[in-house]
Amino acid sequence: MATPEKVSHWIEAFGQKITDNKAYLNELDTAIGDGDHGSNLTRGAAAIKEKMLETEYDNLSDLFKDVGMTLVSKVGGASGPLYGTAFIEMAKTAKNSQDINELLQAGLDGIQKRGKAEAGEKTMVDEWIPVIEAVKSGSLSNELIAESLQKTKDMKATKGRASYLGERSIGHIDPGAQSSAYLFETMLEAGVLDE
Amino acid sequence: MATPEKVSHWIEAFGQKITDNKAYLNELDTAIGDGDHGSNLTRGAAAIKEKMLETEYDNLSDLFKDVGMTLVSKVGGASGPLYGTAFIEMAKTAKNSQDINELLQAGLDGIQKRGKAEAGEKTMVDEWIPVIEAVKSGSLSNELIAESLQKTKDMKATKGRASYLGERSIGHIDPGAQSSAYLFETMLEAGVLDE
Amino acid sequence: MKKIINHPDHVVDEMLNGLTFAYDSLVERLPDTMVIHRKADKNGKVGLVSGGGSGHEPSHAGFVGKGMLSAAAAGQVFTSPTPDQVLEAIKASDEGSGVFLIIKNYTGDVMNFEMAKDMAELEDIEVDYIVVDDDIAVEDSTYTAGKRGIAGTVLVHKILGAAAEEGKSLQEIKELAEKLIPNIKSIGVALSPATNPEVGNPGFEIGDDEIEFGVGIHGEPGYRREKLQPSKDLAAELVQQLKKAFNWSKGDEYAVLVNGMGATPLMEQFVFMNDVKKLLVDDEGLNLTFRKVGDYMTSIDMEGLSLTLVKLEDPTWLDYLNAPVETISW
Amino acid sequence: MKKIINHPDHVVDEMLNGLTFAYDSLVERLPDTMVIHRKADKNGKVGLVSGGGSGHEPSHAGFVGKGMLSAAAAGQVFTSPTPDQVLEAIKASDEGSGVFLIIKNYTGDVMNFEMAKDMAELEDIEVDYIVVDDDIAVEDSTYTAGKRGIAGTVLVHKILGAAAEEGKSLQEIKELAEKLIPNIKSIGVALSPATNPEVGNPGFEIGDDEIEFGVGIHGEPGYRREKLQPSKDLAAELVQQLKKAFNWSKGDEYAVLVNGMGATPLMEQFVFMNDVKKLLVDDEGLNLTFRKVGDYMTSIDMEGLSLTLVKLEDPTWLDYLNAPVETISW
């Protein structure tokens, strides 16, 4: 069950992971984008950390909302509104549910509504879709997260900045899928899926 | 005696020498100036060549005047007005004299009036002064031309662009002295000093 | 990375302060924001807001002022501004007749500006927008995020700015924008990449003797890499692409902008303009009634330039281009 | 050498043609010359002529127009124009009240312009001149050709241009110029050298982590080489040199120009201006009533910038700086 406590740990760990891997995310984005995905999300992570230090959350919706709003207002670029919308949609759903399936699905729907990407377009969506399926069937593992990530390598980007590379985008991991992989790895670590 | 014929050959050879050594003159000027002395004079040499093709000179003064005016109007920079003035002053003197001593002295006076450089300031003047002395005493040789040139190496520039280098101008040949050395070498070759 | 900065994280903030200090009779920075707003008197006209990632200076703040933009929101370098910043720009620019947004076509920009629009509408400000996609280097297809917005955007600022200054309504400006966009096309060539100070390394690699056609203003890949070649051949390639895209006839009237990428000396831009003139005027017989050369939409310290043409379908567009403005950089 | 040109020998000619084509409502190129002349109506006022080697674009042609220069003579790259060219500029600029020459202090420029003055006087045109030597990087002494003329020259163009436009006589302009020159001082810092297209190689060598203070606009050596450092430290060094030279007091009124060298992004120039503001306004208490940032006196593709201050001893100087002009680049 997604409790405010567990989710706080999750978000914190996610922020730390992003910050630790800022250079790597930038590197992935240099290959097929404009090299700032790590910098963008690290800026967001720092702001979330600050926000969470000054607030006690007894309510999942408020927590997701603050995360979403902070991402929207600090990250910019493509990933800011996408991750931001995901968390804001999760906040809306969290008003009535603490079911992680429903929450994540709401997040994905938000991303797809905002960015209009389908599966196979080499975006973060290609990490979210298989992960959510696995969560639903109770089979999410680090292996699956990593495999889904690797699959973005062979895809040709048709959304976002990487789409300008056409065929040349093939052979590189999508940076947004990588940051989403971190999101789900830390979700597992934080025990959000545990009873 | 400086006949129009010999002087034509001289000027032609001088222009050729400059053109052949354009890169070297630029290199010397890169070390202590702005790297264009070879380009500047080559532009002048090309224009003089063209001018001389279209004119028959039976008169030394006209020849010097055309050379001087062409240099003034094609070279620019510091060397344009200096060489230009030298030849224009030689043209004035040539109205009454074909004596090479007097002609060269008039040229040097023009350079010094225009540029206000004295001996030892690491300019073309440091080539002209010893050469004219040697011409007067009938002892001009390629060795003397080369030695005078080498002496500019140890001088500290206090005129022209090289003066900004201060002490750092020491150890480099002055580009204007080098082009003047070509002038006097070709003068010897053309037999202007011969009876 | 050799740059005159203090810390990569402070570049945008300090740059906006430096700009505002230098030109405080023309513009102000809205407190606690990344928004540059014009100081001209409010007059109840439609507000014009643009912006985007930083690194394209003088875009967009350089075009804030009477006759052009009301405000510009600056993002981090090469990163779209966030919706809250754009919202502040919108609020400051609303004088009761609504606000029109000029957005360059990048996924991030479009999403952030659209979110800002939604937020402004919640505050009862009427907002409409246009997405500029003048870069013909990328074909518009379902396989890309669409054509990118580059230097032509500045001409959109100018033309819509003059229309807004003339008192046109939000609706009229939207219609004008929709007529205008298909008539603006640009294409660029890069000699060297930009280095984003927040990243620290050049955005792409290119040989000492290579150039790349169609590179985007964030270093997005172009359509062809070739050996370095004379200006006239670069001009011929860009003109040929534009010719295919416009399909013009002799005597057609166009505006032309030669835009430097940030580290291209004006010397080279003027040489290039001379070649463009030979091709477009002498060979193609176009009537180039508006011409401009300089750094308008840059890519930090990229060497290269872009060529923009606007087909002047409507005679008022030329008047709008020539109308006086009070900005830092037009 | 990676440049958008056709042939090194044709750069200046083609550049002047490109510029004239782009801005033919403002300027014209005098036939068979390297002279750019303004198109403004003749009005019997004193003509103002400047010029110099090319490679400093937008100087000097960018400042030809109503309220600034009457004409500018362009030399080859980094090479003073020849007397006959300057003479053409003088003849075209004489409207019966004489012509005033603004010369940057380089041996070549001074000699060529002086020859042109002599030639013009033979044609009964009254000519006077001033030599601008604002670069304090070099101490004025018998051991150098004197201080060099750099970006401050553009402010001389502006102030004298406004005075000429106001109808001041040749004598009055000469007096104004003589009062003004000692009050204009500049100093620069270079991160990378310029490459003269006619030469083909960088003008000097400098390490990837080095900068040099006091480099001239033709790559003349500066006074000290150091490791790359933050913008605020660069600003502190340049400000300190200017402080020594001016000896100012709190509350003194100055104009300030941050000038890019050609390949320095505006981003960095604005960051630098922000540091200059902190030092001069916040710390020193100066009153900077006129401020400007951008590429005015460049060194082809050099990375770096210069800082110019004008002590506004006379209140009319500020008015002259703010007076409207019709030029390409002011």
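Miscellaneous remarks
Labels for the chains are A, B, C and D, by order of writing; each one numbers its residues from 1.
In this section, contacts are C-beta pairs under 8 Å (C-beta built on N, C-alpha and C of every residue); 3 or more make two chains touch, one makes a residue touch a chain.
A quick note: this is a predicted structure, and the numbers were derived from the prediction, not measured.
Annotation: omitting chain D yields the touching groups A, C | B among the remaining chains. Farthest from chain D in terms of Cα centroid separation is A. In terms of their C-alpha centroids, the spacing between chain A and chain D amounts to 53 Å. Chain B and chain D, compared by their mean Cα positions, are separated by 31 Å. Between the CA-based centres of chain A and chain B the separation comes to 75 Å, rounded to the whole angstrom.
Multi-chain contact residues of chain D (touching two or more other chains) are absent.
Of all residues in chain A, none touches two or more other chains. Pairwise chain contacts present here: A-C, B-D, C-D [touch as defined]. Every residue of chain B that touches chain D in the complex is listed here, in rising order: 26, 30, 34-36, 39-40, 43, 72-82, 85, 114-115, 156, 158-161, 163-166, 168. Considering their complex, residues 53, 75-85, 106-108, 111-112, 115, 138, 142-145, 148, 196, 198-199, 201, 203, 216, 218-221 of chain D touch chain B.
Against chain D, in their complex, chain C makes its touches with residues 2-7, 11, 14-19, 21-23, 54-55, 57-58, 62, 191-192, 208-209, 211, 228, 230-232, 234, 258, 262-275, 277, 281, 291-295, 298, 300-301, 303, 305.
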